[in-house]
Amino acid sequence: MSDFLRALTRGSGWLGLIGLLLIALLLLVAAFGPFFDLPDPTRTNLRARMVAPTLSWVGFGAHPLGTDQLGRDILSRIVAGSRVTLVVAGAAVVLGGIVGTLLGLIAGYFGGWLDRLLMRLADIQLAVPLMLLALMVIAALGPSLQNLVMVLALVSWVRYARIVRGQVLAVREREFVQSARAIGASSARIILRHILPNVLTPAIVVATLELARVIVLEAGLSFLGLGVQPPFASWGRMLAEGRTYIASAWWIITFPGIALMLTVLAVNLLGDWLRDYLDPRLQVR
Amino acid sequence: MLDIRDLSVGFSRDGRFARVIDGLSYAVAKGETLGIVGESGSGKSVHALALLGLLPQPPGKVLGGRAVFDGEDLLALPESRLRDLRGARIGVVFQDPMTALNPVLTIGRQIAEPLIRHKGMSMRQALDRAADLLALVGIRDGGRRLSQFPHEFSGGMRQRVMIAIAISCEPALLIADEPTTALDVTVQGQILDLMAGLRERLGMTMIWITHDMGVVAGIADTIQVMYAGRIMERGPVGAVFASPRSAYTWGLLQSLPHGARPPGGRLHQIPGQPPDMFALPPGDPFAPRNPFATDRCRVEAPPLRAVTDSAPGHSVAAWYDLPALLGRAA
Amino acid sequence: MTPPLLQVRDLRRTYRARGGLFGGGLVTRAVDGVSFDVMPGETLGLVGESGSGKSTTGRLVMGLEQPDAGQVVFDGTELTSLSATAKRPFRRRMQIVFQDPYAALNPRMRVGDFVEEPLVVHGLGGDAAARHDAVAALFRTVGLDPAFMRRYPHEFSGGQRQRIGIARAIALRPDFLVADEPITALDVSIQAQIVNLFQDLQESMGLALLFIAHDLSMVRYLCTRVAVMLKGRIVEAGPVGAVFEDARHPYTQALLSAVPIPDPARERGRRRLPFDAGAFEFQPDDALRDIGGGHLVLQGDPR
């Protein structure tokens, strides 16, 4: 841990540090947002429609970032949206990560027909365009939050599976795994105790980069109306709603757009840095 | 031929810095074969890389010293001049024949390359010469094999190719860094015979770096034992083997198995671990593992001094008198 | 007459590489009809150069690979036909130590846990506290401070890692140990330490040892009997003294003549016997024949 922090704070780690700080900010906002005395993000106020941003908290009914076409406060919607984004993206990454890693472990360790089956499955899925897949699932199952998470997880498991499988193939032949077989350890034990800890680092790198991708995907799906449904706020939805008012009320689309961009940038910065940091350690001495 | 004075090399890792070679000085006469013996951490390979300008400069760093080859200080030369020397006047053979050759170029081209560069031959001439060289190193059917790729050769043959490349321009000095360590015993034997023969024919001066005492006994005129970046003992190979004066040399020789085990016998072992270059104790670096160490050894590093009652050229870095101590212990 | 602890009969293992784009696959007979016995408590050396099949033989004996043909009989029970579950009790009695101390330990596992694992897998050693003591005792047996139990492999040197590997191998108190080139990757000054350790363990535990190596002088020192392998077959076998002093097979003779002796006076004058392994082929009527005193040589029918 101290190595990790030391590497972040010196030299070329500054980009990763920025990423980490921005993400920390996001987490703080998402966690403590409701405690601030912000207007209800879903409460419409048709008398205060499309109020321009004042950038201050002062004054009656102050709206620092303005209101949207239904009079809802943009700032509180952004804060609320951040929670949705984090929860959805986080859940999707965790779900996709667990499923993908598990399947990668099984495919890599056991090989044979199981491996071939899983890899063909992965290939088939990669061949289907993302949006089409999402459309099919949501159309069939309905646009709920759970289904959204499921779709996003479905879309990303393949990346984990591929990387983990590759690493498993390399680790499987190492002498300490042979030694575990020689003492009669069960396959489950070998996979969980010996192989998994040694393939985890690349999986983590994939997870951080997938997080960025999933956030963008969620925004895209919400933009198309397939993701988070009203009245819940989601940055993607806000982008979609704000589209028509670009000329008249630019703030409706701009601020959520900036929030989205900063978040994805932060996750990418951290993910890239993490990959470089972990890379030499992937060569276990 | 080669005169090294006070060579010091440092290495940095994880923010820490260590002097892996400290004030190394020795000389190699023309036509002599010097066998440098050491284990991991002894600095035997590192100093050779430093001489040739092949040390990766971070994390390594040449801290000082001179290495005079035929009038020029290798450590002070620019890379371009070193490149002229390498291959032409100094030949190098490395340990790993698997990775030292370029897998996508034919053997012929790889042997021809130094000839074209240093001798100004044309490709045709160089390839003809390459075929001769292959015959010289004992590879039959040289003409046909020139157009083959490294993966079509076995380990032993690849090492022969490496040797062919190294001697192609008839260098005055050949530096071989553990050239036979990765090879099978029978192949090693063939390569050793080959090198001895080549040395006769070409009159080369050789520096042979190894960890194998048997190999040194066979091929070297002078043996130099290194530990933790310093010379522990040096001298004519017969004298050093017959009467080692450094506890380290003695320990190494004693821990080699001789014949069958006598009942209840144990191999002599040198206690402890190889040194951690980042945490060297003061004084003689071998002192912590030396049963004959004196208090002075632990405080002050002994200089290399001539041994008076042995063959000329035999010198040792020790404060203690090993034969006397052994005589007493017997 | 005590029965042998291990009997290997006509073991075979062939590797078939898949053919490339243009050619057929390469068939390698890694182990081509190998048979030998190991008596309880003895040390059998298995020597050969690369490609001889000695490491593969070790793995086949340990059941890490399935032979294509042949039998491995341990203490009267034939192992190759058993299922993985049926083999489990035998895992306690046969163990293996590997060559590369850097790959033989799980880098993400504390070494104490690693040495403890065999006990955990077989449900031995009592509760956690008792197991902890058992592991500490094992550490001391191999010459390591039990305080190191909580460290990770990268904090140790090659020789220390090899000791850890040995501690794990003897945790179950096996009767038989396969040592696959255990000292090859170690510095010369450490090799003697490890060989002495093996010796001590044999004396205290009555271990039988299959010592796979290419260092002939070490084999001569440590082993009572030796078998020389070439291209998947044993070409000569017998008591160490007989084989080393009176080698009959041309390969053994060539091998012995090539081993460098650390004595300048003797080494300078040596002539190495040539042997072209590439051109050498086994004859159809080659078999291991006893030429007296248990000294076996692979040769054609003498009649």
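The chains carry the letters A, B and C, assigned in the order they are written, with residues numbered from 1 in each.
The rule is short, and it goes like this: a contact is a pair of C-beta atoms (placed from the backbone, for glycine too) under 8 Å apart; a residue touches a chain by one contact, two chains touch by 3 or more.
Source: prediction; values computed, not measured.
Asks: Can you name the chains that touch subunit A as well as subunit C?
Replies: none
Asks: Of every pair of chains, which is linked by the largest number of C-beta contacts?
Replies: By number of C-beta pairs in contact, the leading chain pair is B-C.
Asks: Taking each chain's centre as the mean of its CA atoms, how far is subunit A from subunit C in angstrom?
Replies: Those two chain centres are 51 Å apart.
Asks: Taking the mean of the CA coordinates per chain, how far is subunit A from subunit B in Å?
Replies: 55
Asks: Distance between subunit B and subunit C based on Cα centroids, please, to the nearest Å.
Replies: Spacing between the chain centres: roughly 31 Å.
Asks: Would you mind writing out the residues of subunit A in touch with subunit C in their complex?
Replies: Touch list, subunit A to subunit C: 174-176, 178-186, 189, 193-194, 197-198, 284-285.
Asks: For subunit C, which residues are in contact with subunit A within the complex?
Replies: 59, 62-64, 87-88, 91-92, 95-96, 98-100, 102-109, 114, 117-118, 121-122, 154, 165, 168-169, 172
Asks: For subunit C, which residues are in contact with subunit B within the complex?
Replies: 49-50, 157-160, 187-193, 195-196, 199, 214, 216-218, 220-222, 240-241, 254-255, 257-265, 267-268, 270, 272, 274-275, 277-278
Asks: Across the complex, what residues on subunit B touch subunit C?
Replies: By the definition above, subunit B touches subunit C via 39-40, 154-155, 184-190, 192-193, 211-218, 237-238, 241, 251-253, 255-261, 266-271, 273-274.
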